[in-house]
Each structure stands twice: as structure tokens, then as C-alpha cells.
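The next part holds the structures, each set out as C-alpha cells.
The two complexes that follow have chain A in common; it is paired with chain B in the first and with chain C in the second.
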Partner chain A sequence: MKHRWLVLLLSIFTFLSFIVAMMFGVAHYPPGEVVASLFTAGASEGASAILYEIRLPRVLAAFLAGLMISISGLVMQTVTHNDLSEPSILGVNAGANFAIVISTLLVPALSFAGMLIGGFAGGLLVGVVILFVTRFKSPIHLILAGAGISLFLYAMTDFLVITNNLGQYLAFFTSGGAAGVSLAQLGIIAPVALIIISVLYVLAKELDIFLFGDEMAASLGQNHKVYQVLTLVCAIMLASMSVAIVGNVVFLGLLVPHIVKMIAGYMHRVTIFYTGIFGGALFMLSDMAARVLNETPVNAIIAMIGLPFFIYIIRTRGRKYA
Partner chain B sequence: MTSVTIENMDLTIDEKDILKDINLELMSGKITTIIGPNGCGKSTLLKAVSNIIRASDGSVYINDLDIRQMKSKDLAKKISILSQKNRLQYDLKVHDLVGFSRYPYLKRFRGLSPEDHKMIDWALTETGADEFRDRMMSELSGGQAQRVWISLLLAQGADVLLLDEPTTYLDIHHQLETLNIIRKLNQKAHQTVVMVLHDINQALKYSDEIVVMNKGRVIKTGTPAEVLTNETLNEVFNINGKITTDPVTGKPVLTDYELFCRTVDGRES
Partner chain C sequence: MRNSIKLTVISLLLLAAMVLTLITGTYSLTPGDLWSIMMNRADSNVNLVFFEFRMPRMLITILCGAALALSGLLLQVVSRNPLADPGIIGVNAGSGFGVVLFLMFLSGGANNLYALPVMSFVSGLATVLAVFALSFIRGRFNSNIFILIGIAMAMGVTGFLYVFTSSFDDRQMTMLNQYLAGNIWGDTWAFVAVILPYIVVVSIFAWMKINEMSMLNMNDDTLGALGMKVNHEKVLLIISAAMLSSAAVSVAGAISFIGLIAPHIARLLFKVEMKFVFLGTLAIGALLLSLSDLLGKLVLEPLIIPAGIVVALIGGPYFIYLLMTARKV
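This part shows the complex of A and B:
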């Protein structure tokens, strides 16, 4: 019963977020025009063209990125047994970012798919290093290692960007935002994301077992090492792809899974779904706010919601990590 | 009935010998209790038997099958363990929690089968946890939560049940309640039960066989009457005990105890 209402509420929220995100930006359009533009795909001029050619890809990119980041955060929290895990804290975003800049420098004519693969390799490498160093154990170590490696990689990225006059990269990756994404790029990312999320959905049972800890998982006969690696690779792929289209987005991957878990419980069959949709809708709205507020970095918008929540988590649940 | 045999087991963690040369045959269909001082390797032995921690050397056989040759899910169908620290990181509904015990039987893409639900219902009824099956774990008292954990152990459907200090953190009433549930189940379904207990009298009262461990070795095995001698108490726990026979059950009881000779602070007792 509860879930029927939640699905209904979430659907309405997502639909309204989409319409609102389409309406507001540098120029504002009434809802009627938004709907009309979706049905006149071929229009070459006027409001419909702007809405369809520029704003729609951006809104869809924001939705997809929010979805990927949030699910990635959810999986990372479960696998690492750590409430504070998310792609940017684990350093995966910094790794993907650094690898994308490097590969763009080395191969100037690199295709978007090539960029994605580069980003994934970078994210994976950092994820593996951090988890190898901390061995899933102490959340404190995890955060410290993640913050350390992130800072180092951002410094390296800054250096590369500045010495090679790639100023626009810097602004893009550090502030986050879905500007300038094309429908063709989304056409590459969306199917891959769909496959990865389906894999995670099939593995929802395994993720649930992780909630009990390694010992219990072993006594129930789960090969938890195999599933830990598999689900974590999926999460890193999602996060790396999000970096390629919206840069390093912070807090979202932390915030959304926690809100969902507080409302809908911990079973992954349910949380993956809610987290994805809610994360997507929230990021669409944040990106819209960023656009309206003179292209404020979207990270600033999310941080304004995220930071109070982050402190709340530390105060209420952080104590047991001591 | 399922027989469990441990042969020449050694276990080393970080170059420290935790278990040394363990040879044990666990009585099938009976209750065996392992006693021994803190850090003697009791809990580790249980974990090694269920292959949560891998032994460095030696083997464990379940019905003549080496547990290392078994698939982990097949092993989970044969042997289940209740750990000492069962703290949930997240809050769950009782019924959902017990449902996880059916993990080794689940097929991919499928949920719980009617057979699974039958086992879950049976396990909840046997421990009396049925009455709060729809409550959240965080709402339960310590005794109630322990009944849920034992249901989880039972619903896994294994013939060999390992319980690591099932009475810790419980008051005396709930300690006895828990042990009574275990004994009742053992008498009804004849699982092979192996427990670790701290209370010597509880061990004597509820066990068919007692295993005494010290410093990673098995010192003595036998019936409560064979094992509970003042000599064993001196050697293993460093205490002097007064042992009498319970007139009703005929089992030995430890009625009084005092520290034996030199204590930690060096004073004579």
C-alpha cells in the first residue's frame, strides 16, 4: 500500500520537475509551449527549436546523470558498509575527471565513447586503490584516503588544464552542470546505463545480503567477494559516465540514497528504483536552479541542500563509527 | 542425522596460533557445548567449522564431505551459525530479516517459494517470535531479538546449528528461555547443536557433551560428569570449585567457586 502511494507521488514529482526544468532557464517558456515543442521535433526556428535542440538534451542529461550518481552512491554505501560513501568522496569522480582530461590531451580527436572509456578506467583505478588501501574497514580511513587522492588528482588535473590552456574544462568539471550535452551523447550513455542498472537490479538480493556484514554473508553461503567487486564496478561505471556529462557532482550521491532509505527501507529491489528516479528529478531541478541563477555552479545548489543534511547524518548516525 | 568431524585443524592469524591440532567428532543429534577462558579459540573454532574463517591446515568433514570441496551455498544448507555479535546496521522488519535465511535456496530472478515461506513460518513459531513478526527489529527487547536470530538460524534449514554465546547480553530469564528453546528444538528435530557458553552451570545443564578448550587446544571432551572435575577447573579457569550432584537430574553442579592459587595481582588466595 505504502509503495503504491510512493510511486504515485514520485511520478508526479518527476513529471512536474521535468516540466518546470523545461520551462525555466535563460529564457522562460509557458508549459503549453514546452509540451508543444516535444511534438514538433523538426522545428528549425523559434522557441520550439531552442526547447528541443538545447533545453531538452540538457534536462534529459541532468535526469540521467542524477539517476546514475544516486544509484552509484547507494551501491557504494551498501558495498563499503559505510553511510558516507559516494562517488566523489571515494575519489572515483576525481579519477574519472583526471583520466578524461589526460585522454583528451593525448588524443585530441577522441570520440565521446573513447572519453567514457577513459573516464571509466580512471574511476576504476582510483576506486581500486582506495578500497585496497582501506580494505572496506574504517569509514574514517575511507574518507581520508578518498579526500587525499581526490585533492591530489584535482591538483594534477588543474596543472594539466592550465598548462594546456583548457580553461573551459576546469570550470565545467569543478562546478558541475548539464550544459552542452547533445542527444547523440545521451544516446550512447542511456543504453549502457540501462544495462548496468539492470545488472544491479538482478543483483538486488546480493546487495541486501551485504547489509548483514561479511560474516553473515559468508554463513548464508554468499560468495560476497565476487559480488562486492561486480557491484562496485557497476557503481564506478555509472559514476564515471556521469562525470563525462555533468562533471564532478558532490553530495547528490550521498543525499538521495539516505532520503530514500529513511522513507522506503533498505531492500535494494525497492531502493534502486526510488533512488534513481528521485535522484534524477532532484538533479533536473538543481540544474534548472543553476541555470536560472545565472549559471551558478550546480554543486553550489546541491551543497545548499546537501550540507545541512550531511551534518544531520554525522550527528545522528556518525557516532557508531567511532 | 549429520556427523561433523574435525581433523588436525590448525588456524593461524597474523602468525599467531589461534587453534592448534584440533581433533573432534561432534555428536550428531546431540548438544555439545564448548567452554574455556576468554581468547581460547572457542568462537574461532565455530567459524572455522562453518568455513567463515579458513583453517590454515586440517579438514572439516560433514557426512564425510570435506567442507572445502562444497559450494558455499550447499554448505549453508548443511550448517548454520549464530554469531555472537548480531547487530543490524539497518533496521528491518522481523519477517523480512528471517526471510534472508532462505538465501542459499533462492534461484536467480525468483523470490521466496511457498516452501521458503513454510520454513520461515515454522521457525518463527518454534521460537515464539511469530507474535512480533511484523514489528521492526529496533522495537524489540534483547530477548525478543534473540528469538528472531534463532528463527533465522532455524529457517536456514541446516542440520548442524552452531551458536556462539547465544545467551550473552540477555538477563537470566531470557538466558534460560533461549536455552530451553534450543533444547526443545534439539529434542524434536534432532539437529546437531554446538554452542559456546560462558556459564559453566548452564553448559552442564543443557549439554550432552562438553568440550573444554584452553590456549587453542582441546583439553578434554566427555559427558558433563566426566569433564567437570576440580582438576579441570584448576587447569583451565584457574579457579577452585565445589562440585555436587543435582539430586533431581543427577548432573554435576558447580555450587561455589573461588580463585585458585596465584591470581593476576599475585596475591595468594
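This part shows the complex of A and C:
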């Protein structure tokens, strides 16, 4: 059974990524200390306090964000019938970011949950525009729409930033990274993410039917529009929550689903699971690399792998867009 | 209305915008001042503001606006896609990367006036040419692949851009942000002297290709059968587009949407007559950028909003409208 080996391999990879991500940073710790610190929760001093209080939330946030971004990318690729879809390309991230900036400006004492809801509203608005404006006419149309809308929203955000002196927020969003996330914030996001992913998991069969194309889906008796909207809303929610904790992460939502599909095939019941875990592990590692390299933006790390991969995908599958 | 009349009206509007740009600002001039400048009787303050600050900025603005618009037209003609824009396909990101490199390695040392625009120009041009080189599939230039790879490159380079910024201080960060927001900064005579001949020469080259441009809406096989070297012409036009936009962006900062909107309005007004579309694109691009600069200067005085942001605030909704109406992409 192929999947048994894949699951085993992925578990080992994820576990090792976690340990490595915990080990390296501004200060490095041996693996023994990492494991020990996990079992002596609440230690108030020394290495285990640093590991537990600062690094653990960051590593977990990276894992969760990577998981959400990758699953969101997977669903968007299926629903839009487009190999190049992912939250940052479609402009959903820019929308969420703009809405977060606006809502923190309007309500300065906004809670984290309020920020999440604001971000979701912004992402959803972009999703709706893309859905109804382009109607998925052609893949290149969709990608151009996303790029143009992103540019527009960045300009609006820039405008707010300049008129309100919010420079530091912009830097956070554009560079991406899991620094400064607290366990309490993760406690809000994790259950919501779990619910959304369960919904997507339940809808896995419907997502599979999308792969056959719209006409086939209709002739198989699927209530196409309903599932299209429902799954896209789930994907947008995942993406906008990730923006709230790690900013705009590029390419990850494209890279991970493609790698998974190359190895494990196309059935969503399987790919949702693999994509999530693999994306989380990969983002943990990228965030670790960013930390080690003097807090380099994590986007730069991902772009180094992601850009060549993206160009490869365009050149191999893009011919059908021509 | 005849096309020539429309073009005249647009030119008059451009002239009005130019005059407004010249007289408004923190130190506003009166029409009387303008008259005395023309009669060569103005006092030295007025002369200084007019000739050393306003005039070069106005010229740079219209030149860059026109260059960006023409670059957009060339890209749209070659890719047969009304939504192509130099900013969207990576020119801005590439030039921004050049600015980062400059701030990183050169800004401390010898302060050569041309070092920053040259680096930003070279890096913007290199980005587009890389995109261009990657969009050949089996020896044929594929314009859809060109746009997609351009978008990918824009994203990737933007991610990369921030690699070096972790070591930047506030001054450098502000400079980069201003640049990326499209603040027209190269506004002195020294830049006019370089940019003006350059843009004129490239535009004239494009003008000589006008017949090819108007034919490019036919498909490649037909054109080949008519005896046109399609690949060859596309390469020349794309290189001209890249040269125009990276030069404009290197002195005016990262400005998008001009290249998208101006050609579209021109096509709307002048339909298929390519000569008028060409000239109209130049004039409308210049008009749009100088209006944006004007609005950014006046609306929230004394706060100055970079022209690039104003352009995007106007251009964004127009772009969405274009998306809704574009029948065939």
C-alpha cells in the first residue's frame, strides 16, 4: 500500500522539521533540550523558558499558517480550474490585509478575533469580485485580475499607511513571517481552522467532481454553484486567517499542492491531508531558515524555491492557456 | 467627432494640466507671475521656483507618463491582451530591486547622481528580458506565457526585495517605500537631459513599426503568410516596451496602471486608426500622470500623496470595469 509509506515518511519529515525548527534560531539548542522543554512546561527560567515561551508559539504558528495556506491553495486550484491559483495570486491576501489595516484604524482597540473577522471580510470581497467579474472565463484572465486587484489594494493600503503613519505594519505584511504570535492567538485560530478543514474534508468528493469540469459536474447531478461558493469561502477564510498571523506569504499555496499532486494523485480526501501537513512542515522550515539568516523575510526564502517552480509549472502546463 | 479634433482636445487638456502643475504647490504662482516670466521680468524667487523646481518636474512627469502608456500599448498589441501593463509583468519589481541594491551597496559611498536611476533601469530591464527569454516555447514566442511568467517574476522579485532590508535603517526604508509608492523623485534638469532624448528616440523607433502594430491583431499564421517575420517584430516591440517602461520607472518610481488605462482610453476614442491610437496613448498617458501628480499635491495639502498611489486609486476601479467588460482575453 503506497499511502502507508507516504504517511510514515510524511510523519517522520514533519517530526524532524519540528525538532529542527525548535533547535535553530538566534540561539541554538541541542535536540535533547528541545524535547525536555516540552515536558517541563511552565519552567520560568533558562533555555526551556525561551523555547517554550517564544519559540514554540512561533513554530506552531508557522505550522498552522503553512497548513492553512497550502490547503487554501489546493482548493482554489480545483475550484477555479487553474493550476496557478493560490491566495496571494488571486488577490485574496491583499484584500484581507487591506481590511485588517482599515479595521485596526477604525477601531484602535480591536481584539484579535475582530481582526480575523475584518480580514475575512476583505478576502471575501476580493473573492466575490473575482468570482463574479471574471467568471473564470480563462485562466490568464483570472491571474491578471488577481494581479491587478492586488496592485490596487496595495495602493489603497499604502495610502492609509502614509496618511496614518503605519510604516511598520506594511513591512510585516510584505515580508511575511511568524514572529510575535502568541499561544492565545493560536488558540483562537486552530479550532476555527480545524472546523473549516473538516468541512472541506466532508466535501472532498464534491471537489473531486470539480476536476471533471463544469459540464460533467452538472451532468453528474452536482449542485455546482453551491459547492463552488461554499468551498471557495472556506479557502478564503483559511487564507485570510493566515494573513492575520504571518502576512502575505507568496508561492507556498502553489508549490505544496502541486508537489503533493505529483506524488499522491488527485483525490481530495487524500490530498487535503497531505497538502496540509506537508505545507505546515515546509513553512516551519522556511521560517526557521529566515530566523537563522538574521530575520530575513520568509518570503525571500520561499521565493527561492517557489519562483523557479512556478515558472516550471507555467512552461509545462501553461501551453493550454495559449 | 473626427479623430484629429479629439486629439486636439486631449492635447489642450494636457496643456491645461501642464500649466496647473506649473503654478500650483506650496509656493503658488499667479497668472501675473507667468506673464512676467514670459516677458523675462520676474523676480529671482519666482524664476527659481518656476525654472528649477516646477519646470523639470512637469517635463519628467509628462515624459514618464507618455513612456509608460506607450509601453503598455506595445505590450497589449504584442500580447493581444488588453490587460497587459508593464507594472503587472515585473518592471516595477525589478526596478525596485535595483533601488534596494543601490541602497545596500552604493548609497554610503560616492554619491553619483546617476547611480540610482541607472541601477534601477538596468535591473528593471534585466527582469523584463529574463521574463521574455523564458517565454519562448519550442522556439516560438508565446505572449500568454510571457504575461504569466511576468506576474510570477513580479511576485518573486518583490519577495526577494526585502531580503536586504532587515539591515536597513529608517532613512533607507523610507526611501525604498517612497520609491515603491511611485513618488516622482528624479525631477531636475539633469534627468530631463537624459530621459528626453532617450524616450523620444525609442518612441520614434516604435512609430516606425506602426504598420506592424496595426497588423498584429491578426493571428500569427496569417501574418506569416503575408510575409511578416512575426517573431522578429514581436521581439523588437517588446524590447522597446521594456526600454521605455524601465527608464520611466527609474526616475518616476514604481507606477502601474498608466500603461493599462491610457491605451485603453485611446482605443476607445480612436478605434482602429493606429496612428491616432499611438499619439493618443502618449498624450493620455502624460495627462493621467500629471493629473495624478497634481491631485496628490493638492488634495490633502500639506501632505503629499505619491503620484503612483493616486494613479492606482483611479486606475484600480477602471481596471475592474475593464475586467467586467473585456469580452475576449
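Please note the rule applied: the second predicted complex is superposed on the first by the 322 of 322 C-alpha atoms of A that agree within 3 Å, B and C clash if a C-alpha of one lies under 4 Å from a C-alpha of the other, contacts with A are read in each partner's own complex, and residues count from 1 in each chain.
The working rule: a contact is a pair of C-beta atoms (placed from the backbone, for glycine too) under 8 Å apart; a residue touches a chain by one contact, two chains touch by 3 or more.
Quick caveat: nothing in here was measured; it's all calculated off a predicted structure.
In the superposition on chain A, A:M22 makes contact with neither chain B nor chain C. In the superposition on chain A, A:L220 contacts chain B only, with no contact to chain C.
Once the two complexes are laid over each other on the shared chain, residue contacts for A:P297 go to chain C alone; chain B is not touched. In the superposed three-chain model, the partner touching more residues of chain A is C, compared with the other of chain B and chain C.
In the superposition on chain A, A:K205 contacts chain B only, with no contact to chain C.
In the overlay built on the shared chain, the residue A:I162 is in contact with chain C alone; chain B does not reach it. In the superposed model, A:A147 lies in contact with chain C only, and not with chain B. For chain A in complex with chain B, the touching residues are 81, 202, 205, 208-209, 211-213, 215-216, 218-223, 261, 265-267.
Note for the complex: chain C touches chain A at residues 81, 83-85, 87-88, 134, 137, 142, 144-145, 147-149, 151-160, 162-163, 165-167, 173-174, 177, 181, 256-257, 260, 300, 303, 305-306, 308-309, 311-313, 315-317, 319-320, 323-324, 326, 329.
Interface residues of chain A facing chain C in the complex, by the touch rule stated above, are 84, 88-89, 129, 133-134, 137-138, 140-141, 143-145, 147-149, 151-156, 158-159, 162-163, 167, 170-171, 174-176, 250-251, 294-297, 299-300, 302-304, 306-307, 310-311, 314-315, 318-319, 321-322.
Within the complex, the chain B residues that touch chain A are 47, 50-52, 71-77, 80-81, 83, 86, 88-93, 96, 100-101, 103-104, 106, 108-109, 156.
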